[in-house]
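Okay, here's the structure, questions in a sec.
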């Protein structure tokens, strides 16, 4: 079934099922990220790890509006959420981040450089945006019916190649969905210190249809994404979906220099909690237990894997 | 006297004088460019030469709104008009383009790479745009009161670094005037084939004040430029001045593949002729004779110069 | 065949590529007919294959990025960068994207991208339109760099790069070669032209100005400087200097065997590159030859390259900076005596 | 002084620069306090000089372009590129702008710009955050490239680059040096550290593991690999191998004299660079030494560099690719026997 139409056609019963599934996906992301931070602090991960804590509604809302069987996703340094929402490969992801033999990229890529099926990430801000446009052009050329989605952060709107890409996507009528996650910061820089004007309007002069919304409600995101996907696929044109969200964790593993009060205020509006509060306790508990067990099991399994490159 | 205020304060008499001076400047550019094309076809110029035929009202209108004593100009591959309007150094320019010892850059730069006083050009589309922003920042930092102007073509709006620059100029409140000359083509590409949306709105999402106008009337351009300059200097903020113009000559020396009817239609609206038609015959004739003689004299003088790098 | 130019070979190859490989698409600035691209390599393509030839805005980074995306998704994109000088704008897409994906994703993808671009001076275009910037990209892992000489079949090299090569390829065309007649094995009476490694897609060509015996000196070079060889080698033959020129089409990875083999026979070696001197192709070639031949060389290797400065627009100044016939000849005399 | 790290030297220099040179300004991403930049080189600056430290959007091309404009207009901008891997995005501004203006405008302007950036792997950051991309910019005319080792005074080099050097400078800081203690002449009991050319701003340092006599082998390297030398040279001394290491701060233009002089004394040479092998710094160094010493060398020069592939994120794979102590040691044994 095409996810795009999920919301409009589902019955009350199905809607409840969907809510639990979204919760499962969001919670999986949350638990995996928390585990990764813990494993990092215990020395099981080197380098860096950018977590998606607080932004789960974006990935889950958008990716569930896609056709996972054919659509293409480009993502960035903060990709775990997009990756899990897309393919649910917890073990492949954790092993990759932890440099184990079973990682999706064999331990070569690491956290920022992931690939599985039709998902590709890279660690250069903005660099993957034209790739998404090229992918959209290729899929259009092949007549596959696939659309391409690219996730980018507020800070990444500083990169010129993003505007080159917006222009060409619109000029050539390409089926690409630009999803901006404004999580308020680029590393330490509040978006207001990096950008002039209203970020949600950046695609306007290129005649790209846009929508802007608060991304604290996964269903709101999903509805908007489904509409955007329908437009992109149906009209064969780009769309610019601008999501206001907030990063609850540190930029990467390090210090968090933001005002703790600000973080606390956003924590009170945590989209995961917001969704949780709408769920029937039984189903919710079952999901929580299943996710916790799964993640715990996976951590153990990954820690038992040999290090990537270790002689067998 | 600060050129910015020229128009608002001049009497009828002065206005007539100004018209003749603008005509002299525009005609000088026109004659120099025509000579360069002729010299090119005669083998006196190698490489390439991008002429400004038909766009003279842009350079003359804008540059006369500047304070030539301190303001800074960045320009591009099609810079002869900006150069002459700024410093009137016909011999230095022609010698440079013709590879003679007396060229402003000693024959190293050539047509696309000019520098004199506070004017700088380069042959990489878009590359000089952030330099203009940096220049504006430097002059602001030094407290010189100078503003910086950068000329760019419609095609050059394809370059991402332009948007990076617009964002930073606005974010940092820098006194820089972006002047887009939409002459309808980038080399062979009509601007509609290279751009989505309305080009004159490209600076909007960065909260940069903009104005768009037909540039066939040098006084209209000059008035708009003077207002823009006043805003940039007074408020210390960027401005985006979008000029609709038309290139009457070929892109560079080569074939012109445009529809001859289209060119003829624009030739009928030639801004030089338009201005000429408003001038008193006596003054006009005097200017024409003076310019013709000057250019002829200069060509002879330049041809008499040794080639750059020739052993004396 | 005497009119068959380097340019024609590339033009024909582009037609053949699009005719035979339905995954091939072409992107670049001003490449549509009737203009057909600044140097006409894409001439006629947009008329014949209108759906597969895309003229682009002036957005070098995005164009290469888009082609990267196309290649990842199974197409065979060919990008034209109008002047090689502008490749700097695509550096990130080449170094951190095209060349990285295969290895970074543990060899589960390939990026069959070809970037074609004209390099070189000699036409008075000045500092930003005359460089030979391929040197910036030599030493970038997993990037293939090709620059056929006039003794190659440049169209065949291009065909192989687009249709068969799974790696990203930077394909260098020297501006001064476009209007030059190709000299293929068997064609030129005064020179003996051989293909060293007939089995590879990007062969190394050997050009000798003598019939039998061993060379007095071996000249290793590539691409644009090949235009200087027919006359130079003929003149040197008149002086009874036996020269073998070794011209790889492949700059990277470096096919060193032919160079070492010939260099060993002469013991005297000149390495010439069109770009500015220092940290370039000729540095790596020379050091590899030293490493392999060591004391078997009769003289230090002479390296010839452009002077390390900007390339001036005016004729005399430009000629002073660029590599000319005389510079090579002088280097040959230097290693001989 | 035992706690005086490479990082401290740079931090102090930045403060001194801004205090003494009123034309100096600093631009970069996330450089404001309290964060003070990803690697803390700009720590404290924005608090003390709030008007002269500008945090920027993620716009590497524009940042360097803006700094170019500032430099042309008389300021002394220092740009921090957060990771050296991102320098590709500024390649056009470096190659076709910063490095060209002076010569292109017939030496009527100068571009006193400094771009600082951390390079190098070893911290598990993966393929796009671990490279040593300085090699891309070696051979770009009129660009000065500097990479002080831990035997240098990196802060003094930086000070000279910003305050006195009229050319555009690419200033390479290896990530693994930041937390490393500087070893200056006279300071280290086990090694003899000398400054070769005391008169220049960017000197070459000599590090010997013996007191008198001639070296058995000369090790030529720069920057980050210097961190491996204290232990390696001590161990080799225990094996009674006399090693002199030659470490220029200046990568380009290449200060060849010290290298040739020392190499000539030993006749055995190892050249090491942190970046991937091929067409790099060690190629040019080795070829220049061959050219100057020729048959006076007792063995072919051994070159050591990283494997030509992406730099993996995970520990063991990364270590396989990067240059380690053992690679250098092995090369030393190789030239010795």
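Going by the order they are written in, the chains are A, B, C and D; count residues from 1 in each one.
Throughout what follows, contacts are C-beta pairs under 8 Å (C-beta built on N, C-alpha and C of every residue); 3 or more make two chains touch, one makes a residue touch a chain.
Remember, it's a predicted structure, so these values are computed and weren't measured experimentally.
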What's the overlap between the neighbours of chain C and those of chain D?
A, B
Chain whose Cα centroid lies at the greatest distance from that of chain C
A
Using CA atom averages as chain centres, what separation in Å is found between chain B and chain C?
38
Distance from the CA centroid of chain A to that of chain C, rounded to the nearest Å?
42
Euclidean distance of C-alpha centroids - chain A vs chain B, Å:
47
Within chain C, the set of residues that touch 2 or more other chains is 56-57, 59, 61-62, 85-86, 89, 92, 96, 100, 103-104, 126-128, 310
Check: chain B positions touching at least 2 other chains come out as 108-109, 113, 122, 124, 158-161, 164, 167-168, 171, 193-195
For the protein chains shown, what form does their contact graph take: line, ring, star, complete or other?
complete
Which chain B residues qualify as touching chain D in the complex?
72, 74, 105-106, 108-109, 113, 115, 120, 122, 124, 127-139, 141-142, 148, 160-161, 164-165, 167-168, 171-172
Contacting residues of chain C [partner chain B, same complex]:
29-30, 32, 34-35, 38, 55-59, 61-62, 85-86, 89, 123-129, 310, 312-317, 320
Using the touch definition up top, name the residues of chain D that touch chain C in the complex.
85-86, 88-89, 91-92, 94-96, 100, 103-104, 126-128, 133, 135-142, 252-254, 275-281, 283-284, 286-287, 290-291, 294-295, 300-301, 303, 308-310
Chain A partner, complex, touching residues on chain B are 158-164, 166-168, 170-171, 193-198, 201-202, 204-208
Parts of chain D lying in touch with chain B, wherever the complex brings them together:
25, 51, 54, 56-57, 59, 61-75, 77, 92-93, 96-97, 100-101, 103-106, 108-109
